[in-house]
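Next come two complexes built around subunit A: one with subunit B, the other with subunit C.
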Partner chain A sequence: MSDAVKEPSMLLQKEMIAKNYEAITSKNETGRKVASTFVPGNLNELLMCFGIVNNLPEINAIQNGMRKLSGSYIMEAEKGGHSEDVCTYVKADIGMMGKGNIAPNGKPFPEPDVLLLSYTGCYTFMKWFELLREQYKCPTLMLHVPYEGDGHATKNMRDYIVRQLREVVIPGLEQVSGVKFDIDRLREALRLSAQAEEHLVWTLEQGKRKPSPIDAYFGGVYYIGPIFTAFRGTPEAIAYYEALRKEVQARIDAGQGPVTPDGGSFDDQKYRLVVEGPPNWTNFREFWKMFYDEGAVVVASSYTKVGGMYDLGFRHDPDHPLESLADYCLGCYTNRNLPTRIDILAKYVEEYEADGLLINSIKSCNSFSAGQLMIMKEVERKTGKPGAFIETDLVDPRYFSAANVKNRLESYFQMIEQKRRGAAKAA
Partner chain B sequence: MRCFIGIDLGSTTTKAVVMDENLHVLGRGITNSRSNYDTAAAVSKQEALVDTRLTLFRRALAGVPEVSGRVGEILADLERNFRRVQFLEQLDDLERTCIVNVQGPRFAGRETAVIDVLEETFRRLREHSAALFAPGARRKSDFFRDLAGSDFMQIGEAVCRDAGIGFDLILNVYDKSIITVENRPPAGDMEGKFLRALEQAKLDAGLVEKPVRDALAIPLEETYVVGTGYGRVRLPFPKEHIRSEILCHGLGAHMMYPGTRTVLDIGGQDTKGIQVDPSGIVENFQMNDRCAAGCGRYLGYIADEMNMGLHELGPLAMASTKQVRINSTCTVFAGAELRDRLALGEKREDILAGLHRAIILRAMSILSRAGGVKDQFTFTGGVAKNEAAVRELRKLIKENYGDVQINIDPDSIYTGALGGATFAVRAVVN
Partner chain C sequence: MTIDTTSKPTESMPTETMPATAEIVERCRSLYEDLDFSAARAWKAAVPGRKVVGFMPVYAPLELIHAAGCLPLGLFGGGDQMEVIHGDAYYQSYICRIPRSTVELGVTKRLDFVDGMIFPFVCDVIRNLSGMWKLMFPHVWSKFFDTPQNFDPEVGGRYYVEELKELRDGLGTLTGRKISDDDLKRSIALYNENRRLVREVYAFRARAPWKAPTSEIYLLMRAGLMMEVEEHNRLLVAYLAAAEAEDRPKRDNVRVAVYGSFCEQPPLNLIKSLEMAGCYVVEDDYALVNRFITEDVSTDGDPLEALATAYLKHSVETSCKYVPNEEDKGKYHVAQVRKARAEGVIYATPSFCDPALLDRPMICRRLGEAGIPHIAFKYAENSGQMQPIREQAGTFADSIKLWS
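Right, the complex of A and B next:
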């Protein structure tokens, strides 16, 4: 396989990520503090107020998945007694620690100074940090985010989170960093966040165009990168999104589809899909190719909402800083209940004029995969569009069966085609 | 005449169906998939074309009043002779290949003796072939590998014993050669072979010859071929000629039973639950994922474990009086459970009944994932031929979905190929 073709915005993001890894791994020289924290509900702006660098174990696992390292890390973790059914992000992280804890820049990860657990929707996060705490013996700050079990947030929930921020998280971070909290610094970061969020929403909504100038899943994971990781609230993120918008705008002007890793734009779009569930990372490019080779473009996805549902209108708000952090945590896709997820996905199928919903269910994700079959059936019922279900894994290469996945995808695409012909005949 | 062909390359067998432009099935062919899908596709297609010729003969003989009422018998005779001509041709190929393979240090100094033994073995095999294809003879399988193989074992061993040569020597040559011969594309000249068969046919040769020759003169034109099944990407034709087996099974089931709304297909390595609309268009499907537990191969494995033929499992399970519960649908674990139950003194038939139920329970779970069972329900795939599996399925469908019409076509193994052939007709005719 030839080297993947990358757009300038991708290269820019690569530099940003490299810079962040550099900041993490050089903490002993620079004296900066490092927090380990998670993507959904990540409080990057708050960490920035204390000059703390943000290290995301999920992102490390993804990096290791894409760089074909996760398989050996997972086996290392299994040797240590973590069973086959445990979340493979966790095992990739634990296994990486067992094998020298080397960051993608080749330098060892230093020990974190604090574990900030702002857990949103995923109950494994808590267990994961218990393991890290055992290893690092560093302070753990837990922000408990109530699950939106009734489909909406209440004032009570918001107040509860704000109170935890005031009474636990902020004092804790002050103690770790030795920096006094300055709410104006937070306001400034949130102002920048909102600008970047505006750009992200614009980008994702271009999936409504025909042909779609973006792929909202395989391309989407790049688009969300800066906002979902260590750059929300930074000027670098805004620069990234400005560059991204230019690229997308240029494709719109030229009537072109997204750029694929094989190079060239993917214009001949036969099928428009909404996808639920994270992508498989170990065979990311191969997986993507199964879509564009058959003419399938993803026009909207739920995975690009796990770090915030900006498309539904939420923006970080400098005028209500702590409250907006609370709203952000509550509103992440992973914290929504099943009926809400169904409504969101059905709305995507309709608004993005998709041919149907495809679910990529994750073998090792017990908290998020539960109920997906029901989601599919309900979305089918609501939209009248056919759904399909495939199963892979996040970063365990043993659970990516290319022939089977391809077989199901091809069947699904041909089924859409056949239904269209049937409908055309009937009309 | 224009022929539309569907080929279904399964993991165990490869099936082909030939249709005319009016969607009438002219012929069906099946072969083992081997490790060579190209050859399997070519062989199954040729077999379907042989069957097509027989259909044409049948039509031609319908116009001969003197043979009225005996057409079936005449055609069976003709086909037997044709099969024997074909068998002898492949046997010659196998003999030549075996002799070429008698080389290397293990034969040093014994080459002539081994070749003599091989020649004698093949002479007897040819002689025995008359009995193999005699009227009323029961063959365990119609695949060359199985037919030649079982005879070779018996006859070869006897010849070796007489000659004082170790059987393992020629068995080694045989094993090497059968793969080569099996993977060689089929020899052509089907018409010539039918003519030779006609010469040997005993029944009403005078009356039959002209209509059969006329039917043989009709050119069979391969107008459009559609491929499906796991090996479909190996088929040497363009992408638009390839359809997913889900679509083909859905449409095939609709062609057999137009009232079909739910299809269950249990094949060698996958189990599919498919919902189709009134015109055979697939609405939804679910397949086993990540694991092939409870598929046809499961029964194959169990047959090996019990040292039985695959086709003997169903009938034995039907004789059970009490069902032994087998929990595992994992193929390998089921083997362990099987030995465990045998050790506990359970009867083979009762254990087998439990194993069949385990397969069907797994299929029921896939069916519910695919949206349940609607009336009418069509069961297809190799496992649909297994009466014990069908019995369990009927029971469980009734328990879970009430009175649903259950369709099982004796030719259900051809469902995917039938759907493929229908797609081929539609591609050209519509």
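Right, the complex of A and C next:
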């Protein structure tokens, strides 16, 4: 395949990521401290208050997936005694350590100074960092975020998170960094976060247009990049979103669809889909191509909400800094109960005028996957629109069967056509 | 306040004719095998207004359910006796068995008498099932119960006390009856006795495993999670007395501990297969629940605080609980192995069980460091083919005999 065509915002993001990897891998020279942490429940603004660089193992696994390295890392972890059954992000990370722990910039990852175990929306995070802790023997700060079992956060949950921030996380980060916590610094970062979040929401909501100027899944994973990773709360993130907005606005003005990796603008959109579940990373471009080749654009997705549900109105709030970090953690998509997830997806199908819900069920991920068959049936029932189910994995190439996925997608599009013909006849 | 916790023999078991272990075990087996839950249904029907509250692995404060006047009913999937027809339509092939067979129990109306369901925090699968239950059975009070992963009384403890209050209020709404502190203390005392007796049975088995085979102990514990605690206490007393009195042949088996089996349960045949392969199971984490809290819960002071303290300070190490210090990881397992004088560990996990499987390398490493031999295998609640497991366990037993 030829090199993917990249828009200026993508190139900007690439530079930002490269800079962050540089900051991580040069920590022994610069003396900066590095924290490993997770995307859902990511407390980037807080880390910035202590000058700590943010390293996200999930993002490393994605990078390794896209660069076709994850397969051998996973095998390495399995050789070391890890089960074939468990989350492949964990195994890709552990296998990478076994194979030299090389960062995408070709330099070795230094050992983290702290593991910030913010435990939001997924149980496996806890095991993952227990495993890393065994290796690195570094301080581990647990932030337990209770699950919204009854479909909403309670005061008790919020208070508990704030107490943990005050009693565990902040003192722990002070100790690791030697920097005293300054709440005004946090407020300032949160102010910047909220601005970037406005831009992200605007971008994602453009999926409501016809044609959609964005792809809210394959393109969406780029749009969420800065906010979900090491840049929330930075001026760079705002600069990125301003650039992105300009691009999207230009496409709206020209009546164009999103730019595909082949460089074309995808204007002839026959099917509008809502997608639930993370994408497959090992065959990302091939996977995306199966959609635009058939004329399918993704207008909304749940994956772009794992690091925060800004479209539902949440913004980081400088006036209530710790409380707003708590609310953020509580509200991430996979921390919401099944009925809420169904409501959100059904709302997307309606509001984005989609033809239906497609679920990409990930073998690795119980947090997302357990219950998805019911999600599909319920969203179908609520919206009257057909749903479809495909199965892949995040970063284990053994579980990406292109022929199967393609077949399923083709049948789904036929089903949508039939449904349309039925509706036209009835009218 | 003094609370009478003396166990009395059950009415169906007159003291003059003490039942043999076989009789007790038979009763437990019929409860365990009855997936229509006739006994729990009968309990409910006996008095108008009674409610049954189901709970899943791995721990729920049963005292609260009991104090609400409800029957806590342990639900551990469908085992190997139930054909799962509908449940498979709810779950992908790469998800463990217990949620699908639990759904099967639900959709086939085997649980239509269950008024409330508690889904404790064991993993994302059970967590998500709690939401599915709300949708599938909207008239059932369904509660996801999230215990803290921070064990500081001022942080996790305060959160947990509030969660317990919420649980108490939920049960109060379900039954229309307020749970008083005294009600709760009485229940705590009964469950303290239950835990003490359970520990005694476990200690007895560790002392004389030939007199208390795990295939029996397992049934005794599982049945206990389906009956009133008072009755289970009497049954445990009766079993201990009967087992003590009976002579049974002592085999040249090796002593093993089984870990990793806290949620989805192995079929009974698997437990028997280990015994047939030459292993006495002298310690295990099967279905934890009644061994989750390791010491008495205080009956002084605020009972919710007491339950919280017990969880924070005196609960087992298991995969769904965070271990704050790296050096403590697996310490519990090593200590338990030593205490039960087990010669090896079988780490037996359900297939696709992330918590147990991700823990496995860490726990096994600690066992290795402590010089404790171990093997690992996976099972499903409906595993039928026991030959490979028997062979693996047999080889393990032989190697322990040879090298110890």
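Here are a few things to note about the model shown:
What we mean here is this: the second predicted complex is superposed on the first by the 427 of 427 C-alpha atoms of A that agree within 3 Å, B and C clash if a C-alpha of one lies under 4 Å from a C-alpha of the other, contacts with A are read in each partner's own complex, and residues count from 1 in each chain.
What we mean here is this: contacts are C-beta pairs under 8 Å (C-beta built on N, C-alpha and C of every residue); 3 or more make two chains touch, one makes a residue touch a chain.
On a predicted model such as this, the values are computed, not experimentally measured, just so you know.
In the superposition on chain A, contact is made by A:391 with both subunit B and subunit C. By the touch criterion defined above, A:252 reaches neither subunit B nor subunit C.
In the superposed model, A:102 makes contact with neither subunit B nor subunit C. When both complexes are overlaid on chain A, the residue A:404 reaches subunit B alone and has no touch with subunit C. Counting residues of subunit A touched by each partner, subunit B versus subunit C, the larger count belongs to C. Within the superposed three-chain model, A:363 lies in touch with subunit B and with subunit C [touch as defined at top].
In the superposed pair of complexes, A:137 makes contact with subunit C only, with no contact to subunit B.
Judged by the touch definition given at the top, the superposed model places A:66 against neither subunit B nor subunit C. In the superposition on chain A, contact of A:12 is made with neither subunit B nor subunit C. Of the two partner chains placed by the overlay, only subunit C lies in contact with A:147; subunit B stays clear of it. Common to the subunit B and subunit C interfaces on subunit A are residues 363, 373, 391. On the side of subunit B, the complex with subunit A involves touching residues 230, 243-247, 277, 279, 281-287, 289-290, 369, 371. In the complex of the two chains, the subunit C residues touching subunit A come out as 89-92, 94-95, 99, 119, 121, 123-125, 127-132, 134-136, 143-146, 148-150, 152, 154-156, 158-159, 162-163, 166, 319-320, 322-324, 326, 329, 351-355, 357-362, 364-365, 378. By the touch criterion given at the top, residues 363, 373, 377, 380, 386-391, 399, 401, 403-404, 407-408, 410-411, 414-415, 418-419, 422 of subunit A touch subunit B in their complex. Those residues of subunit A that touch subunit C in the shared complex are 80-83, 85-87, 90, 119, 122-124, 126-128, 130-131, 133-134, 137, 140, 142, 144, 146-147, 149-151, 154, 156-157, 159-160, 163-164, 167-168, 337-342, 361, 363, 366-367, 369-374, 378, 391.
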